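All chains are identified by letter, namely A, B, C, D and E, in their written order; residue positions are counted from 1 within each chain.
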């Protein structure tokens, strides 16, 4: 099957620092894959490259066979890629519902004329999408009221709103940056189930950045490991878990390293 | 149908709403009576007359606010509000055209505040050169609606006939919007205060150009200004005469501009409201909250910002044109940086992002400037000339140093009021719901937000439709 | 609060000003009503000094000259308005003014840009305006009955300056600067026009809103080295310019219109006015050295307000005096009753051979003084104390250009 | 390790900005100067005074450059005050131009009270001016602190535009308050600085002949104060903000107030100090401005204020060296536009377009460097 | 005497009643952990202690002294350090300057340098990034910096809000090791962790929060074996 996403020798530098170095990456549709690696390995930067927030210094990024390089973030979103942010970036002073509606921005078809004269088309669309937003709220398991301001929600709930907002655009590919950070084990388990449902029920392809091994090992079909911007391993969760380089750089040996002397 | 409505009505009355209605009506009546009483010739000499009459008019306009807040049915509010705006105020205005002048200026600034509110309040783009668009609209008509165009283009076809006014009103909207886009294009990448300074610069650029474009070709007549500017036709005069209403032209024009401004404001409110509650308004708010995240949601920053600029600018363009016609004469002094600041003050005093707030802000600031502060200083001036002595200090006011004459310190009082207003009510007079909550929290004051009710779970269709892509499995 | 009835005691006295002129202290008969005279000028903001000078002139005139009207049984009051030098404020004030039936006349404005739209409103309500300061031709060229002025016109004053420079000072090159206001640019343009007509060469014509730093301009002037520099504007800006120019070694003669006529100019520019080629200005107000009336006015003004009059203060005094006189006559004509505004306006227009402190004033059919006197004055000292001793070097009596339909059309009136 | 770091910080804070400044000034003068010369050569034609355009330019170019620099330094000094306050509170202190104006008034009152005769020896005059500057600094600094306490502190945490409006209110208030006070004391609200011939004299710098044209370069004695003062302020401020504990605290407060408090920083005190420093700079500049211009009134702050604010943004708001550069660029551009626009366009466009010219360049620069000359793109973390 | 004691503390955000009467004690030399679901009020408790938000009722005692109404910097001056939730490093300051800010209350330059060397031994990555601006660090690097910054302060009582969030597994282990060591050197620690498993391993005692109230308390051992805790916070079913 054709690749949904393909990165060819992508490099990104910040001054002298090479944050992403000659990374190749391919992804078939309908998969859940993870990217792991030590802090500062370049994982988030990779997401930023795909979504058009950064421009790669070298290399090519193809989505459904077409290049993404040079597109603005909103154009990338319009192509069908949504994301969540590592440091939550909700519209704090908008309600949960409004956040999700903003996520649907690319799907509104009503023209300004429709809006001004409140044509049936505008009203129908508004009603439909609001209903869908409510379904999404239910789907991600949000307990909060849709009319609560986003910034007043606890951390875990905010993460869920972010996911719902990303889903609102009906993406083909969703990029999740540490979706379970700040969640307790129970919530983490919930979110893990949610991610699987994204793929199984909605058919969305998922790339996941995570530090919680329980999540990574539990749902990913393939794991890519970055270190210092380079891909140091790739394979099934089991293969990666046993890779000595990965253990050395990332997983640790399960004992405290004598860092404090 | 009618029966059902009547029933609802009766219920409302029984619910005690009629009490509010009576209260509001009583208030309006009281204000009217006060103004009527003040109209007696004998009172004009009273020392307190200037201030009290200014306050009386403010109180009368305040009834609109009272109506807005009263828990009455929308229809009742509408009837009351419209009857004040369309009947009572014009009626008072015919007796005292100054009131019409104040109301018209309030209207002009209210429409501008509404426009700026879209840019600053909705989209969060600080525009310090807003008056530029006002100037564009004003000069557009001033040039073609006067003999100035003859000088500039060497013909003698101008001024255009009064009838052209209405066509140009649309043109002014278009040209101002276009100018907004022109300004917007180069500044898209700028954020926050960088944008502010560029808009400030743009405002100054327009003013300086207008002030200097009397050479090499004389387009604007420079600081000399353009006059007389054509006014729209009094097409309805025969009809009024037929109705037995005979008014002189100045009064008719005063009324005319008043109604014209009302129409434009009505249009502006309608536009702003509709946009606010649509994907357009939400996109603007999202940009205001977090540009990067908004972009990641698929919002094209550039286009949406341009839309905000253009919409805001178009209101100013229309108002500039009406201003030019109303004034007969325009010159660059009406389009200074302080004017931009003035409109910004109105938006924020009223409540950023709030449509009724923008209108109330414009009203408060304009009335304060044109009437209340003036009334205060006229009153003190009278006291001084009447040789009143301050009781306890035994200080004759006539010896009050001329350096401290109140008329000179209107701006000082205005400055103090601005500071106090911001400290006591930073969210503005009628805050937008969203901003209000944000502030209540930031300043640790409590204010319960009114949340809309959710549809109950059962009302919702259950499944999410799955898109075409099927999951692939190894 | 105290009851608002006016106290029947003596009107507030102008402490030092009363002794010689019109005896005001006659016992007032029963008050028939109030007659108010409004002033409109900027009382706040950057031009407040001039605006205040205007108001003070009017105030002094009312205090000194209201006697005859009070003798007829009316209280006379001054109502000062602050137009903030903004057209929209001026117009709003005008609407308020016309809606107060007690106001029978307006003295104002400072800025032509405010006067023109405001006077449209006065015209609609037959309210007479006498301007002490608006020199723009279109003020009167519109031909309104209600609009008059006691000052000269830009087109004449600029030309007077040019003729003086070319014929008397015998200079052939000039550099013209103006302040980008209706007034300053107006005179400057008429100066240039006349100077070139006479055969002189204008080396540069620059407008500037700058108030502090004239370096670039001065460097450019130095390079072309003109014999005279004409500054169309007001002393506060010109003074700084003159000072900086002399400091940088510009030796040209300075020349300006009546906006220069203030001892403040000497305070700012000091010796720059008498070094190099020295400094001359044209004026429509007689210098105090020539007219007793002017001298006394300056003394009274100083006594009351504690400072020298500003440019246009004397004109405001005269404008108010004319208005008071007209009202007095109109009252008499109305049989001792309050006159109509129209009657007052007509009386004002009929002013003939009025002996003012700035000269003798007779209005022509459009409200300009016929044969206004124009004076050319030489500054003799950099010391502000000596401003009153400035030397009159030339007096011209000039009539404004005849009132033709073309002039009217140029102001857009059909 | 520690030593290396602190040395490099010192170097960064004191030496680098000065070098940056000099290099920048030199480059921009050379660039702008040659552009003007080339244009003049291209469009050479006779102009007024019996010269050709090129001759006119050659004669005046060095002097125009010097004058532009001087006014640039003035803008730069005011811009520093804006930048200080912007740096910590992220808001445009519109009242800064009035703080500056009050400084100018304190200075003039002190100078007049000292009544130094205009022919006094240079040392005495300089001492007088220094005293006036000190007075202006103290007065304006304290005023800024009071303004912060009264009009801004109650608004902490409110949306950004709220203190902006309050600042406009303060601005109006101060203008008229000074007018009232001066009016009562002196019966006039404008004041003239005493004038000293020694300071007014032009010091010739150079005089030579280029292409047959006599070229004069001179500088007025009193503007030397301005240049020295601004360089001292730049270095001093750079040092304080970038190399001291106080400066670090200031920047920390600017970025995240609660967290700065968690580090043990007394946020209120730091904000107060910032206003004190910013106000004092404004006051000193006000006095120097007064000495240079001669006449001041309560509205003098407005135009330089806007220019300086523009300069601060042009240089990258919040960046001290940037504010300095912005001021100089603006001043030099204005100087060139003021002197040459008229001659180059045959009188069609005159000096009155100089602001447009300056603003157009501002827009242009911001289009290519959206965060100003020295502003840095804040690392966008997603 | 307890170093830290909360007595019936109520805290509000606007109209939201976040803490509804929290009382607990921390004894000198203890590691105490607060666990609880999202939004339970853990972070709010820490913020109330360090003065970032004000308790509306109740008292916070430090060594018996009432610090409820002191501003944050004075609480810090009394030896309370706080690693805030969400890192909150100064984005425009360099790593070095961020660390210097941590030692803001320390006047002795040599001591500051010594402490800095110490934190570099724990987080060598920070030394590599010394002159990079805080805002451009990766998420985990920022977390390291936030912890390191608090260590620069050498507080007597350290409030840590989710220190392991966003850290790679290797680092999570070393963080807990650091906590243990600090504690052994005499620092009292109040630890908020989602990773309750690890938290209960290092802590002596713990409290369980639910919607602004303490619902359970006990030694770490007891809590770790409590079936409710196991179900809700340890992910055991």
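Here is the rule we go by: a residue touches a chain if its C-beta (ideal position, glycine included) is under 8 Å from a C-beta of that chain, and two chains touch if they have at least 3 such contacts.
Just so it is clear, the structure is predicted and the values come from calculations on it, not from any experiment.
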**OP:** Write down the chain pair with more C-beta contact pairs when A-B is set against C-D.
**Re:** A-B
Original post:
From chain B, which chain is the farthest off, judged by mean CA positions?
Top reply: E
**OP:** Could you pull out the chain whose C-alpha mean position is farthest off from that of chain A?
**Re:** C
**OP:** Averaging only over C-alpha atoms, locate the centres of chain D and chain E and give their separation in whole Å.
**Re:** 45
Subject >> Averaged-CA centre spacing for the pair chain E and chain B, given as whole angstrom >> reply: 51
Original post:
Centre to centre, by mean C-alpha position, how many angstrom separate chain B and chain C?
Top reply: 36
**OP:** Return the distance between the CA-based centres of chain C and chain E, expressed in whole Å.
**Re:** 75
Subject >> Shared-contact residues (touching 2 or more other chains) in chain D >> reply: 176, 179, 187, 347, 350, 352, 355, 380-382
**OP:** Note the residues in chain C that touch 2 or more other chains, in rising order.
**Re:** 44-45, 48, 180, 207, 305
Original post:
What are the residue numbers in chain E that touch two or more other chains?
Top reply: 13, 136
Subject >> Residues on chain E engaged by chain A in the complex (per definition of touch) >> reply: 13, 16, 35, 37-40, 85-87, 121-122, 125, 129, 132, 136-141, 143-144, 162, 165-174, 176-178, 181, 194, 196-197, 231-235
Original post:
What part of chain D is in contact with chain B in the complex they form?
Top reply: 86, 92, 150-151, 154-155, 157-159, 161-166, 168-177, 179-180, 183-184, 187, 306, 309-310, 313, 317, 347-350, 352-353, 355-356, 359-360, 362-363, 366-367, 370-372, 380, 382
Subject >> Touch list for chain E against partner chain D, complex >> reply: 50-52, 71-73, 76-77, 81-82, 84, 88-93, 96-97, 100-102, 104-105, 109-110, 112-113, 116-117, 133, 135-136, 149, 153
Original post:
Once bound in the complex, which stretches of chain D touch chain C?
Top reply: 47-49, 51, 56, 59-60, 63-64, 67-68, 70-71, 74, 176, 179, 187-190, 192, 195, 200, 202, 218, 220, 289, 292-295, 297, 299-300, 303-304, 334-340, 342-343, 347, 350-352, 354-355
Original post:
Can you list the residues on chain B that touch chain A in the complex?
Top reply: 270-271, 274-275, 278-280, 282-283, 285-286, 289-290, 292-301, 434-435, 437-438, 449, 451-452, 454-455, 457, 460-464, 466-474
